[in-house]
Amino acid sequence: MNSQTTKTLSLLVGAILIAALPFWAGDQYQLHLAALIAVYWILIAGLNLVVGFTGQLSIGHVGLLSIGSYTFAILAGKMGIDPTLSVFVSGLLGGLCGLALGLPSLRLPGFYFAMATMAFSMIVNEIVLAQVDLTGGGIGLPGPMFPKPFDSPIGFYYLVTAIALFVTWLTWNIARRMWGRAFISIRDNPVAAQAVGVPVFKAKLLAFVFSGITAGVSGALFASLQSYITPDTFVFELSMFFFVCIIIGGRGSIIGPFLGTVVLTALPELVSPLAKLGNFFYGLLLLVVVLVVPEGIGRMFEIISERLRPRTVHREPITPDLNRLAKALKVRE
Amino acid sequence: MLRLTKLAVRLSLATALVVSATSTIAADTIKIGWLSSLTGALSSAAIAENQGVQLAVDEINKSGGILGRQIELLTRDTAGDPTKAVNFAQQLAFSDKVHFVIGPVNSGEGLAAVPILARAGVPNLVIGAIDELIDPEKYPRAFRVINTNRQWISTANDYAIKVLKKSKVAVIADTSGYGTASAKTAIELLEKAGVKPVYTVLVDNNKTDLTDEMNKARAAGADVVMPWTAATGMLGRLLNARGEIGWNVPVVGHPAIMAAQIRQLLNKPEYWQNAYAAGYVSTTFGSNGKLPERTQQLVDKIRPKLGGGEIDILFWWVAMGYDTVKIIEHAIKTAGSTDAAALQKVLENTRDYKGVYATYTWTTTERNGFPDSNMAVNQANTFKDGSFKLAPR
Amino acid sequence: MSVMPAELQAINISKQFGGLSALDQVSLSLRPGEVHGLIGPNGSGKTTLLNLLSGYYQPTSGAIKLGDEDLSLASVQRRAAVGVARTFQKPRLLPMLSVLENATLGAWSHSESGFVASAVSLPSVAREDKKFLDQTTELLHGVGLGHVIHRRANLLDHAEQRFLEIARGLAMRPSFILLDEPAGGLTTQEIDHLSQVIHTLRSSGIGVLLVEHHTDFVFRISDRVTTLNVGKMIKHGASDEVRTDPEVIRVYLGA
Amino acid sequence: MLTVIVTGLAIGMLYASIALVYNVMFSTSKVLSVTTGHLSMVGGVFGAYIISVLHMHWLWGLLGAVLAGATFGWLTDVLAIRRVLARSDEHLWLLSTLALATMVQQGVGLWWGTEPKPFPRLITQEFGAGLMDQKFWLPIGMAIVMTIGLEFFYRKTMYGKVFIAMSEDAFAARARGVSTDKIRLLSYVLSGALGGLAGFAAGQLTFAFFALGHTLTLLGFIALAVGGLGSNIGALIGGAALGLLNSFASYYFGGEYQQTIAVGLLMVVLLIKPEGLLGAKNVRPV
């Protein structure tokens, strides 16, 4: 089927472009931007399972990002622990905080859950500001570099891209199999999800903890990339940004939110007046997408192509093949 | 070997795929990056400094530029967000390949961007006050134009302890990067002068009511209140709280206490009395009621640009902005080129360079150019045309 | 099958919503390999009983048993795990997923792939998923949806959606399947196909509860029929007995 | 000690009024809109703009605040709710109201500036009035007047009864010829006006500050959730509890943990009694 081959082909070309980026990127600034996109994508890929697949509206993931960043800056910076180990611990702590936030709030209806996550990110900021001797309070902390091969910008770019590809592979494995179907059933029809036996709360919690881990890892790498973190780096605007990338990219897909992340990270940097608008731009984009094409821009091309040339959906009558059905019903193992 | 092959690959690729769209107009302009937080919290300082910077750039370009080369000013609005400051610092250093960078303005952003510029080897005029921004070894090409936070605090402390003869100090700072650092330095310097603060608190600069804090300070027996925050809103509310609880205690602290915006925030004009702030000799009216000669010249030059009427912003910010560009002009002229190492050498040997805001001196070991002698303490409510009278001795 | 296969039983079930009594002391048993019709005018409590059997409601009094296991308070998921599948009056599908994906979701309770195992795509996960997809393909061809396997669910017409929901139920390898007005909106030809499918289910040992309005369709294919009216059971017995019962005729057909 | 109680009550009553506004919108649309807190923010900012910048009489300020709130309420329905409710299958209204709220907050930030600006004195009163200062009693009075007004509106007026009918069973209401779209629009305009009014009344306490939007949406929601969705009396209790808890905590433990305490209260109540103190349990899921 040609759509399948074109899909794998385009993925291949994409991979080559990404791998060779340091060589065709104009200068170190664009390399820094590419590394930033990869770091954001590590978080967004995990968050995509929560928002895009399971349909849980979490607008507080900047809190988990900042937990990852501060854990890394404290462990690898202040305490001098090996950075790679610190990344693991940041991811672990992100997962634990995801669990702590998810347990009480995932049982709540949509709006309650959204408010709980927003409140969570505000609380994290408050605690970071208050614990001056641990987090440096308003002054913030330096984010240390990684050891030898990854201390150069190109080395660091390959490190974060490798981790990003790994996380993408994980979410792709989940999304295309039974767990992915279960998540989407929770999003689109919780009653049907129950009917087939999906443990709705447990599944939501697993997705949320997974997104906590990726947010923790992303936070650690973010601290190293930015070389310095302060409380005002982790603003609500970032939560909106993560969330809008998914909605705009298209829920229930992986490539859509990835393209959303690339475009929405690069756009404000290239078009400087957009940077000033900040939140207004994200809000406007979100409103337009929700009203015009809620399935996201990724799906928009599909929908338009369907509307433009509605292939005559020839209605074949339903003709059961009874003995094939009987044989299928015999299968018990 | 690796570096060579990488270079070769890059060259071939670069010629084949022309990607970078950065403008490549006449290569000989002098590019100055200006990291200013024109929007977002604490934007008042940046907006004033920007006036001085623009005036100096226009002036120099009109008179033929530096060494015959025009100045191209690349202004980036960091909106007070450290992430944007880092991204723009990277852009200015590697994409625009600027010869000099002024800023960033706020401390939080400075802490994030100064290391990036240092790693890129770009000469950087630092206009953030907190001490952690300057380090001759780690950031060899970072020279501070503004005074240090320590100078502000020790000037204010000396005035409170030696002139006003107070001994029970209440330190109130905000929770921003600047506030946290200042509170620590203030307590350290006070204890060195043998005074232990009776009450210290960090407050969110958006908190709308400081009555609680002032009541607690009074209960702790404080006889002078020393606020360390650049947020004019918070200072206005602090002075209002002082007035409303009827506690006539002197307030001595950050220069923002003298900012014109304070006047609109006060419930009553007299709430601005008995308030003093660290200031500068360059923006203090002498006993003859006149400003220092260089300051007056700049005031006359810039007045038409600020609407011709009375200047309603803190003029020392404007003067500092103006000086940063003049220092760059001095450095390039003396070095005869825009080579970073040469600029560094020139600045390291600059002695008593006469700017408007101050007279600067840098050495190989001292990157803070502002002399203690240029500090002064002004009386807050004597704001006129951007400058102040000296506080009573 | 060593021991007599377990029956799904509702024993003296009552259900009140606030003051309204939806069901009053109703009993019904569903045997494997049997089609049990459940008819009654609108508001007679048919769907309420179905929701009680499938676990969406808890009974106010009485019990629901599968063999000797008391399911009265068991969750919907628990009932799915012990083989009680259902369809809905208005088909509840996943519009953005294909027919194949929708139906394969039914195999959830039989999947042993943990979250982490799936994430790292262990071979066992891949094998299991392939097995489920193949089995569901067979089921879909079986119920007559072979020609739309890869079409997105929101592009199906009404009948195709109904048969897809049945296929999803069958993918759960259920012992019992509770059909909530499956014939609603179907053409006569489609109803014939539905009867053939139901007969195939019965002969393969699945217990089918048929909640329906089309009384002649119910009487034609049901072994036993229960009639409800205003939450009470007025007649229960073999299909022909109930069809000719004057009380049923008065309440339901003629009066 | 008394000041702590009075400040707590005053800010608590602002949260209570926002909870009331949540209820009005929820009754006709079953939607909890993220823009609720922003209605009050807009009311406060416009009020301050008209009185302080345009130097007009405070009555004009009040009118401006109410009008601004009502227009924003109207916008919320037209832009974020109407089209989205037509496709009622998922929580799209959550996304659209969040988007609109963020746009308005940032828009006001760009226009009004990012620093909190003082709100003008409404009634000429000495500043040192301490406990009797109007900045405490305006929001408290406003919340009580609003509650009584709403009770009267629901009980006595025809529109009020239609609101209740719609909240009980929208389909039944539509069956009786009620144009639910028109009624929902009316309820959003009314809640916009009430939100603007609440923001105006509490302006001197909160100052006119663009970033208030999200904070008030969250804290108003906490008051609503604690008090119980749908109950106006619950809203008053929830608001008072939250306000007092915040002011006591910030007096005794310092202000750093404001939000943490507020959300702590929310989590405790939601774990013990998910539908809040006086909320109605929601009934049939299928």
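Which chain is which? They are A, B, C and D, in the order written, and residues in each are numbered from 1.
Just so it is clear, a residue touches a chain if its C-beta (ideal position, glycine included) is under 8 Å from a C-beta of that chain, and two chains touch if they have at least 3 such contacts.
Computed from a prediction, not measured in an experiment: that's the story for all the values here.
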Minimum number of chain-to-chain contact steps, subunit A to subunit B: 1
Interface ranked first by C-beta contact pairs: A-C
CA centroid of subunit B to CA centroid of subunit D, Å: 40
Between subunit A and subunit D, centroid-to-centroid distance (C-alpha), Å: 32
Centre-to-centre distance between subunit C and subunit B (centres being mean Cα positions), rounded to whole Å: 74
Overlap residues in subunit D, where contacts from two or more other chains coincide: 110, 256, 285-286
Multi-partner residues of subunit C (at least 2 other chains): 56
Residue numbers of subunit B (touch at least two other chains): 39, 175, 202, 204
Of all residues in subunit A, those that touch subunit B in their complex: 23-30, 32-33, 36, 129, 132, 136-140, 142, 226-233, 235, 269, 272, 275-276, 278
Subunit C contact footprint on subunit A (complex, rising order): 170-171, 173-174, 177-179, 181-182, 184-185, 188-189, 191-192, 194-199, 206, 210, 252, 295, 313, 315-322, 324-332
Contacting residues of subunit A [partner subunit D, same complex]: 55, 57, 59, 104, 107-108, 110-112, 114-116, 118-120, 122-123, 126-127, 129-130, 187-188, 191, 236, 240, 247, 276-280, 282-284, 286-287, 290-291, 294
Contact footprint of subunit A on subunit C as seen in their complex: 54, 56, 75-77, 80-81, 85-86, 88, 92-97, 101, 104-109, 111, 113, 115, 118-121, 125, 128-129, 132, 135, 138-139, 141-148, 155, 157, 159-160, 163, 168, 170, 172-173, 189-190, 193, 196-197, 200-201, 203-206
Sites on subunit B touched by subunit D in the complex: 39-41, 43, 175, 201-204, 206-209, 211-212, 231-233, 236, 240, 243-244, 246, 264-265, 267-268
